[in-house]
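Both of the next two complexes hold subunit A, though its partner changes from subunit B to subunit C.
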Partner chain A sequence: MPPFTLGHFSQVCCQLLNHYFGEIVGQVGAYLLRRGHRPLFDIPCATGLSIAEVKKALAVMIQHNLVKFEASERNNNIAEYSIIHHNVYCLLRYPKYLYMIKRIYGTSEEILLEILLNLGQASASNVIFQSANRLKEANDPSALHQSFLKLAQDNFIIRCPKLADNANMQKVPTLVVEEKEKFTVPHLEIGPIAKLLKENATQLGEHSDSEVIWRVNHERFDVELRNVILVNAAARRVDSTAGELYHLILKLWRECSNPDSPTTNALSFNVIKDAVRKNEGSSPVLLEHFEQYLRVLYEDTSSLITKVGDAGGGQFILNYSIVFENLACATLDSIVLERFGSKALRLFRLTRIQKFMEQDQMQNIAMIPAKEAKMFTYKLLEHNFLQIKELKKGTSNFAPVKSFILFHVDLPQVARTALEASYKGLFNAMVRQMHDLTDNKRLLDKHARLETLLESLRGEGLPEDELAYLSDSMTAAEKSLVARIHSMNDHLTLGQTQADDTILILESYLKFSSMT
Partner chain B sequence: MAAPVVIKKEKVDDPRPSASADAGEGQTEAEIERRMIELMGEFPKGINDKILETDMPNVDKKIKVAILNRLLSQEKVNIFRAAVTKELFWCLKQQPTSKLKGVDSEEKIVMRIIEEAGNKGIWNRDIRTKSSLNQTTLNKILKALEGKKLIKSVSSVSAAKKKVYMLFNLQPDRSVTGGSWYSDNEFESELVDVLNQQCYRILQQKAEGAKQKPLEGPLIVRNASFLSSKEICQIISDLKIVKFNLTVEDIETILDTLVYDGKIEMSATTDGYSDGQVKTYRTVEKLLSSAGIVRIPCGVCPVIKMCGTVGAVQPKNCVYYDQWLD
Partner chain C sequence: MAGRGRGRGQNVSFNIEQLGFGRGEAVPVSVTQPPPLFPTLENRPLPLIKDVEYEYILVTQKDLNTRMRNSSFHLNTAIEIQEIQQIHNPSYEKELPVLWNRMPTELKKSIAKKLGIEKLKTVKSGKKKKIEDPDKIFAKLEKKEIVESEGEGMCDGKEDEDEKEKSDDEKVEVEDDIEEEIDEEMDEGTDYASNYFDNGEGYLDEDDNLDEGEAQF
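Showing the complex of A and B:
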């Protein structure tokens, strides 16, 4: 099944599955991406894989929460499998997740999360055990236990749903999760874990909480990733202290609001003030000018904070749909600027701000010579950044109908176009990366083998000159090529995360704008 | 067809009106009336109660109103109400042109049509359809009128080849000449660009200066980064970049382009000394330094539509990536 029958987003997903789980999972994933809900026996025929392979692939994807199953509507004895698109896409964000957790908490939490991401889903004891093994903190896993509790408490990890009570009666089991249990960690027995670690065991075996399975909570990470963008925006608009304040307020909002709602609940001036006072990390500048900072933020046209009332010294909310509309606009502006230049940007923004514009008006107000203005307008039109609306006005029965061509920006549509292009760009960067790596696979493998060999020999205390001799088995040209490939690879990885930033903004905008 | 044309000797803004001629109601009133019209000549934008009050404090309000009403009914003055203050203003009515001596009736018709078009002017063809004269006659008439310096032709910026006609003494409208940014019907885009950058630089410097006092808090910093259009106009004029006299409106159109560039924001404040609202400006940062996607070649790629895993343009042999990765 050639991948180009898929949309760009699905292609990205497919590439990710291939990359993380290998070709077989990739094939099954691609099939499900293309066909939606499918029963098991359809998949081998279409993909040419054996049923055992398909089963295994599905099991892997279910373990990682990338595929879900439901009883078919036609026959509830048959399970249908479907891809959870967002979760597959989030594979791309795993490095960001780790980095974020490391920044917020520290290394041990990062390791816990990394283990959990590798396992897909696992019990708390298991994650702690494996992390301790990795960290070689054999003696005391209880610190890791505390870290785990923190992650659960801040909702970065979440309990998997359990089998429903009536599961035995159904061929296709349904899964349920108790709302209030979602983030509660059951009692763990740390003692046995510590003992096993001392014995250098590699497997945990039976444990008390083996029934309570955890996985990563993508929604929570989405919120956090969005907040990073928002804090950066606040810091750009005012200064880093404003960013600090905004970070704090975002945290308060998150604690008091439903993550899926397009606006947060209101916070009062006094609550925010209290939080700033109580926060140990608050900088002296912020403490001194708290009121000014808050005011500058809510008076800013970017609507990072919206004032909704005066009770309690002022009531403040975050209106996600407006803020992300502004961010999406900033994103589109940046794309237009880079692709078509500053004059095109002026025309684009002018049209967006004024809603509907005639060609003449555009060039007059934008003060761009007619010829140039026309050229840019049509370029923008061609690439779908502008839309046309034709107005017909019949002045009387016999006079010819007058028609006006009006330009305007259909923001959701433009955002969708840009989003598609971003998926495609991301996919291309991934393809390019894969290509560069596979093309030079032999060389890279050789280099890696040599490096490990040298490492171990150095450990054994081989004299330096002999090591140097060994290391010369690769020519300097080869070595510099390897270095180049590595740096290119890093470049491409960075590029992908940057493309993902844009995607996150545009996706969030479309999501929130469709809610209101 | 042709309505009777009032023939008057005075020029439009001649302070000596015909009022004295038909003043039948006593010396003082005629004098007051004359003075009023004189005042209206001095204040072409119109006079209001205040002006009248200071100029002739001794005259009874009722008499003033009566005289003004009479002038109104004689269609010598116009009355209007200011948009903001809701104050009443009186001003001299633009008198229909008065130099129609020796003009025959066809010429009169054409004159009327041109006059109606005001300072926006009117195209030859439109005159023809309105007057139902044939082209040759019309051309003759237009030439004659031009020769008598009653009308003039102005070439319009919106369509360089088309000339519009208007009364000789009128100042062509901005839409015809294009305003300050046109010289000889050429749009001076370079000048606009230079001013656009200059204004931005001025505002940037102001913002930089404001940031030097971080101890006073962000609100102070923000408020100190504003400049009004008047101030900017002054600075630009002092720099002597332009040869003509820059008006505040001229600068505001330039500042508008910066607003549309997303580099500055405008806010209107009412405080200050001048009458209406003051437009003030400051630079703003964008919410993002740049969209992440434009930092990879595909984000700005001109051929992304053609690019795919098959065909001539493919990521694996893409030259943009080759350059970018180098």
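Showing the complex of A and C:
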């Protein structure tokens, strides 16, 4: 453990680095998470690692867009390194990215993305070459080239900043962002790649676009993950057809507005109608009842669509801050329900809707016996789901002051509390997983070796009874233990993925609420 | 402060009944211990969602884990490398497939190697010198002792003048040597007595005497 404590979020980041890149990177990462901008030579002293190890770790993290560097103000020849927190956290979301890309496009795009995620930063040719190598059967780089263009066109991948012209003169290279060319794919020479593939080469040598480097665009994936949440919300609120309609409208909104603003630009009724008509995949139910579905969505209290005007048959916007406030409320409600029970939920919800409430009012309106109501109120207060506001009446310094104690829900604060708890849960799950895997490493390794051996022997056509004899080299107890560890491991991974869903909602809420 | 006058034995400044406890009912004792490290689970959490989507994500995650673990970006600690070298491959060392031209030059390995070796060399030679010096001194001191005792013994009995002169010469030489050695040692700054005391005047004005002319009162 590092000689300092980190917040829950940083601990999660540190675990992720440990998990993906090994302990050394984890230690260097923990130091940078704690200290911010640091020159290279500070790190070995503080972490107790050798300088060569630290250099490797930094190189790995820069390659994977987890650390950025800039020349120190005092000395241009020395770089200062700082960690990009969000990108580190996004390591957890890589499987979700892959799933999303597979759903939207298909397998070849998924492979491209996976290769890019493995490499961190790479040129287009390199990614295509390695993907083609992976997809042995479909050895056609030009199809992969098309897939790559699609990913870039929809902004899922982005160009890394370019090296400045005088970069090889500098000790710390300057990187320049080219706003216009962020998503433009340069001309690729597919011929040489195809030739190399035929020769079964494993490395791509010099290529024309080796200077144009790509990486994953986390911001775009964030937007897309949020959109998935919204479409699911629409589908669950109304039905799957509404989800389909909402998906279409979201696409239109995305095209016409800035992804970072808390509200989208307005779309008119006719534009939406045209889009639904033109879309080939629209279901007949949607075509028939389009107006009704739209109406249901914008009249619904969840405000997935907000109507802002009547021009052009109606103007519709999406107000992210309101929608995510509603989603965050629903999330918090279910957290309170599962932790404290339905009576506590009633008090919590009541206080949130009524803004400020006195103790007596709460128990009367919620219709809960006084003692229970108080118990639940104090429990909620203890766990920071309710806040106290004290109002003092009376201006004299001498007369006794009459004070009112009002309970209220400070939503951003409660969201932050829940977010911290989620990070902590996530961290605990990761630690537990690590612990199980390292404790039983020997056994798991043995099991894996045995499995691969059996697999290869089966391929060679060894008779079944000999295979059975071999597989008996592990006792039944050991086998059941391995199975238990594996299922526990799956369970914990799944738990992490689903904790991240909650985190995404709460994070988005805090992000948009701080904007308005 | 309504409850203070009633004096019911509890050290609270309000009426206990306000909290919903009837007269004579047991009030919960105050907790003086820290909460347990692993608190008991009050409510069982909901089961995790297991549908096609999450199953796929789970499989992808596992796949990604093994890929990352086997990639050359996964840095092994020195102990792990040793283990691998022992078991599998004695010349095991991974080359980092990193785009070096996009990184600060200080991270590049070649430079790292040079620097590391040079540093090690200087450190080693420095240490050797220091370790050797006291040995020499000891040897010489011993020699000197022997010479002295011999000299004394010779003084007592009848002695050979030549030999005495010779040994005296040697003695002087040895003493000179010792003094030289000690001088060297002192020059290297090991004599703390001469520069140990710091009256604090130099504090905070190491390299700039800008405020020297300013008033001291």
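Going forward, the second predicted complex is superposed on the first by the 490 of 516 C-alpha atoms of A that agree within 3 Å, B and C clash if a C-alpha of one lies under 4 Å from a C-alpha of the other, contacts with A are read in each partner's own complex, and residues count from 1 in each chain.
Just so we're on the same page, a residue touches a chain if its C-beta (ideal position, glycine included) is under 8 Å from a C-beta of that chain, and two chains touch if they have at least 3 such contacts.
Owing to the predicted nature of the structure, the values given are computational and were not obtained by experimental measurement.
Undergrad: With both complexes overlaid on chain A, does A:His491 touch subunit B (first), subunit C (second), both or neither?
TA: In the superposed model, A:His491 contacts both subunit B and subunit C.
Undergrad: Under the stated touch criterion, which partner chain does A:Ile111 make contact with: subunit B (first), subunit C (second), both, or neither?
TA: In the superposed model, A:Ile111 contacts neither subunit B nor subunit C.
Undergrad: Let me test your reading of the model: by the given contact rule, A:Thr301 touches which partner, first (subunit B), second (subunit C), both or neither?
TA: first
Undergrad: Looking at A:Ala52 after the superposition, I want to know if it touches subunit B, subunit C, both of them or none. Which is it: first, second, both, neither?
TA: second
Undergrad: Applying the touch criterion given at the start, work out whether A:Ala330 contacts subunit B, subunit C, both or neither, answering first, second, both or neither.
TA: first
Undergrad: Just to be sure I read the superposition right, which of the two partners does A:Ala370 touch: subunit B = first, subunit C = second, or both, or neither?
TA: both
Undergrad: Looking at A:Ile193 after the superposition, I want to know if it touches subunit B, subunit C, both of them or none. Which is it: first, second, both, neither?
TA: neither
Undergrad: Is A:Arg339 touching the first partner subunit B, the second partner subunit C, both, or neither of them?
TA: In the superposition, A:Arg339 contacts both subunit B and subunit C.
Undergrad: Pick out the shared contact residues on subunit A: the ones touching subunit B in one complex and subunit C in the other.
TA: The answer is residues 338-339, 370, 491, 495, 497-498 of subunit A.
Undergrad: Residue numbers of subunit A touching subunit B in their complex, please.
TA: Against subunit B, subunit A makes touches at 3-4, 229, 232-233, 236-239, 241-242, 285, 288-289, 292-293, 295-296, 301-302, 326-327, 330-335, 338-339, 342, 345-346, 349-350, 353, 360, 365-370, 372, 418, 421-422, 424-426, 428-429, 431-432, 435, 488, 491-492, 495-503, 505.
Undergrad: Touching subunit A in the complex: which residues of subunit C?
TA: Residues 1, 19-20, 42-43, 45-46, 48-50, 53-54, 56-58, 60-62, 64-65, 67-68, 71, 73-78, 96-107, 109, 112-113, 115-116.
Undergrad: What does subunit B use to touch subunit A in their complex?
TA: Subunit B residues touching subunit A: 158, 181, 187, 189, 192, 196, 214, 217-220, 222, 253-254, 256-257, 260-262, 265, 284-296, 298-302, 304, 307-310, 314-316, 318, 321, 324-325.
Undergrad: Help me check something: in the complex, which residues belonging to subunit A touch subunit C?
TA: 19-25, 40, 50-53, 55-60, 62-64, 69, 77-79, 94-96, 98-99, 102, 114, 117-121, 160, 163, 167-168, 171-173, 175, 213, 338-339, 341, 370-371, 374-375, 400, 490-491, 493-495, 497-498
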